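Before anything else, here is the set of structures, which you'll find just below.
There are two complexes below, and they share chain A, which is joined by chain B in the first and by chain C in the second.
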Partner chain A sequence: MTKSIVFRFIRVITLLIGLSILTFSLIHLSPMDPVNAYIGGDSSASPEQIEKFKAYWGVNKSPVEQYFTWAGALLQGNFGTSLLYRSPVLDIIQSRFLTSLALMGVAWVLSGVIGYLLGTVAAMNRGKTIDKIIKWYSYTLVSTPIFWMGLILLIVFAVWLKWFPVGLAVPAGVLESDVRFIDRIHHFVLPVLTLSILGGSNIAMHTREKMIDILNTEFIVFAKARGESSWQIFKNHGVRNSIHPAISLQFAYFGELFGGSMLAEQVFAYPGLGSTLTTAGLNGDLPLMVGIILISSLFVFTGNLIADLLNKIVDPRVKGAM
Partner chain B sequence: MQGVQEGLNVRKKMILLLAFSSGFLLVILFLSFWLSNDNLRLSSAKNLAPNLEHLFGTDWLGRDMFTRTIKGLRLSLALGAFTSLLSVIIATLMGVCAATFGRTVDAVISWLIDLFIGMPHLVFMVLICFIAGGGVYGIVLGISLTHWTALARLVRSEVLQIKNVEYIQISKSYGKSAWFIARKHILPFIFPQLMIGFLLMFPHVILHEAALTFLGFGLSPQTPAVGIILSEAMSHISTGKWWLVVFPGVLLVGVIKSFDSIGEKLRILMEPSSANE
Partner chain C sequence: MSNVQTKPLLQVDHLSIGFSQYVKGTQKRIIHPIADMHVEINEGEIVAVVGASGSGKSLLAHAVLGILPSNAIFSGKMLYRGEELTPARMEKLRGREISFIPQSVNYLDPLMRVGRQVQIGLDPRTARAQQEKLFLQYGLQKNDGRLFPFELSGGMLRRVLFATSVREGVRLVIADEPTPGIHPQALSEILRQLKQFAEDGAGVMLITHDIISALEIADRVAVIKDGATVEISEASAFEGNGERLKTEYTQRLWRALPQNDFDLEFKREAVR
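So, the complex of A and B:
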């Protein structure tokens, strides 16, 4: 039991190391020289700055040595300096991470709840009209681009109905300290809505399948024979058996969620981690990009690890088998 | 008897849906070659709402949105086909290697699969696009490098399943080379899986391609790609030009959904366990 948990932790750590090697070699393979990219973007860089930058990337050494100097710096929390914002990468990430986390967190919970409810309703009414509607809805939304959904919501709610402002997490021209909480909420609703509507469809399909499996088991037939109503069946048997795979699926969904929030942030001009990454990528700010990539990967791998642990260790049936 | 009759109907219905989806895609492909590039030239018919002459309206430069969308979708389809093919090749190589070359290789490849499944895909595509220095290369590389994993797992388990089957053992004892066995016995066996994997990869690839071009990576703004059309439209929605957004998106969703249903239906029809339903 403990052995298995430790083993999984070690595996995630090796995966993270592998990821950093992959990122490093991608940068190394590229025809672009980070030093040149740095100087090329800005002619005002002083010789000391260039020296510092060279030392950070360890330019004059073999690739392996370069990797170790770089990884060592990363471990000490030195992610380098952003070319675009002229401040340490870690500071920028810290300030953006919370805004992104709020967006993703709320969307994550909402999409989980909506998806689970839809999936359950569909499975309990299998074959009826409502099941068909939910199935069609989920299948269509799976093939809908997130940014298009965001644009549609923007047109309907911000342009036509004028309920919400077009873009930005805070009103323009207002000092950060003067922003009222209600304003933040106001600018927050549409991106969250976009992410939750689309995120829910995936979990709805899985819950539906799982629920149908459960409803076909013998103990459900027996419960029906005992005269339990469908609400009782759901409450006593359905939830317990289906909530756990749904939750672990939702944790494994972190990667998609991050990608989705990147697109939603771009559409709604929401200043989170994703839109920062897009700006960094478009302007060639390599240190900031790498920093965000590593942090977001850490985030996604944590989600996967939790999903894995939930799957393999928390489930009492699997626990007995180990 | 009645059961048989109904089963046939479901099957027929599926084939009909299949034909419908493929027909829709073919029409788009045909239109993309048929519509002339003249419609993309700047004209005085600016900012027209959809009408009979311009089905999807025109944009602020007077370009016909219908033509632009269809051409953009052709680009998506071409990119999708090429990229999916690349992914399938990577997946086949990885899957077959994992299944045949012993435990160490298997462990390494499954570790690699975990690595590529675990990382946030869009983030890495952005990195690869950036490093490839823009252009179609970045998109193709980025997407094909991140999408092979699920299929590779499938191929691995399929190959493991038939590796020790009698006819392969016999073939081996006749002194056939590993290459011959792979080509004559293993590949035909996994081919249907690959075919369906290829089709089911399409929607993902098209979605990601649209997302990347929407964010502004890869293609130049003149290229008619759906992502670019939508990102340009984004700056025009506050003035109420809804048709710039709605129609290209609807067609994109239609294309993605068609591929999804083609792959899904074929899978159900070809798999022996569900084909008789």
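So, the complex of A and C:
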């Protein structure tokens, strides 16, 4: 048990190291020179600032040395300074992250609940109309691009019906301290809906398949033979046998949701990590870009790690075998 | 026992079961593993159903319980206590009047503690006590109830399956090969329990490979071959050289048993 946990941790760490090497190489190869991008047309940077910046990137050393200087700084939590915002990368990530986290967290829970319920209902009524509707819903939506879904919702609910605002996380031109909670919710609904509708369809599809597999097993046939009703079969055996795969699916889905929310933020001009990443990329703000990529990866890896571990810990058969 | 005045509990006539299958993805065809099956079980009677593996014994049991797979098509007549056994009636009866002991230990939920599985369908107030009593009766420890199926041996799981079938008000017990892999002492306990069911007035369908054990308790024996009933005879006809058996097939089956004359040629066929 401990062995497998340690093994998984090592895997996450190697993945992060690999990713940092990859990112570094890309930066090194890219025509974008961080120092030039930093100085840019901006003459306000003082010579000391430029020196500090050069030292951070180790400009005058060999690429390998540069990597180690840079990686060492990262390890100490020094992600550098954003060129665009002129403040520490970690501070920016922190504030954007919270905005994104609210969006992703709510969408994550909603997707899971909606998906599990729809998938279960479909599987238990396999071949009936309700199953066909849910199947149609999931198969159609699962292949729908997220920005397309976002735009449709925007057009219908924001432009035509005017129920919700067109974008941003808070009303434009209002002081941060004057923003009411209800305004935040109001701006929150459409992006969350976009993510949950698509995420729910994904999870519903997987849950349906898993549940059909379970319902075809011999122990379900026996439960029927013992006079258990559909509801009892679901309660006694369906939940028990589907909950582990559902939970690990839910955590494994985190990565996809993360990517999805980056796109959704773009569509709704929602100032979270995703839109910040795009801005950073478009403006050559390398430190911020690298910071967001690494932190996001850590987050996604953690999701997968939790999925793996839960799978191990919760299933008594696996627990017994270890 | 068979000469006691009894009335038919279960009558199965001209039962035929087919499966629609897709060959090479698109072509549909129907296979008929069961063509013409007859069985009759009276109250208080034990009928052994014997036949080679794949002859359709389990399908017969599943048909009576209404738990055939959804792609199965069946025709024929099934009467329970004189009335047609419709899907709706099966649903009401199974687990209550009709109890089933399945063929394999895979019929237990792998993620539910075995004690809890035996408690399903029992009165919640007394379920636990009843389950513990049943465990004791079948030589299982009280603590075994806390275990998951993967933690028990095959023989113990068989006894758990058996314990699930013991219910008040049961009139028909269908046991699908309940004995393989069980040690002799537990075997005789299970045979004794099946006999007890019959003495309490229930009908018992004992599906088995093991004719010799079945004959210890059975009143009649139905012989199945390739999805059809070949012969139904009194258990007492299975003695000596089998002269009182009606068909040549059954006589050869009887003589091929290790205890009797060796009929090696037939044995090779039957074992296959």
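FYI, the second predicted complex is superposed on the first by the 317 of 322 C-alpha atoms of A that agree within 3 Å, B and C clash if a C-alpha of one lies under 4 Å from a C-alpha of the other, contacts with A are read in each partner's own complex, and residues count from 1 in each chain.
Heads up, the rule we're going with is that a residue touches a chain if its C-beta (ideal position, glycine included) is under 8 Å from a C-beta of that chain, and two chains touch if they have at least 3 such contacts.
Bear in mind that the values here come from a model prediction, so they are computed numbers and not experimental data.
Enquirer: With both complexes overlaid on chain A, does A:P145 touch chain B (first), chain C (second), both or neither?
Expert: Once the two structures are laid over each other on A, A:P145 reaches chain B alone.
Enquirer: In the superposed arrangement, does A:L98 touch chain B (first), chain C (second), both or neither?
Expert: In the superposed model, A:L98 contacts neither chain B nor chain C.
Enquirer: For A:N236, using the defined touch cut-off, is the partner it touches chain B, chain C, both, or neither? Pick first, second, both or neither.
Expert: second
Enquirer: Which partner chains sit in contact with A:G281 here, chain B, chain C, both or neither? Use first/second/both/neither.
Expert: first
Enquirer: Name the contact category of A:L19: first (chain B only), second (chain C only), both, or neither.
Expert: first
Enquirer: Applying the document's definition of touch, where does A:A223 land relative to chain B and chain C: first, second, both, or neither?
Expert: second
Enquirer: Quick check on the superposed pair: does A:S297 touch chain B, chain C, both, or neither? Answer first, second, both or neither.
Expert: Once the two structures are laid over each other on A, A:S297 reaches chain B alone.
Enquirer: Once the two structures are fitted together, what part of chain A is touched by chain B and by chain C alike?
Expert: none
Enquirer: Could you pull out which chain A residues touch chain B in their complex?
Expert: Going through chain A, the ones touching chain B are 11, 14-15, 18-19, 22-23, 26-27, 29-32, 139-140, 142-148, 151-152, 154-155, 158-159, 166, 254-256, 258-259, 262-263, 266-267, 277-278, 281-282, 284, 289-290, 292-293, 296-297, 299-301, 304.
Enquirer: Write out the stretch or stretches of chain B touching chain A in their complex.
Expert: Within the complex, chain B touches chain A at residues 111, 114-115, 117-124, 126-133, 203, 207, 210-211, 214-217, 230-231, 233-234, 237-238, 240, 242, 245-246, 249, 252-253, 256-257, 260.
Enquirer: Any idea which chain A residues touch chain C in the complex?
Expert: On the chain A side, the touching residues are 217-219, 221-228, 232, 236-237, 240-241, 315-317, 320.
Enquirer: Any idea which chain C residues touch chain A in the complex?
Expert: Listed in rising order, the residues are 62, 65, 67, 91, 93-96, 99-100, 102, 104, 106-112, 120-121, 148, 150-151, 164.
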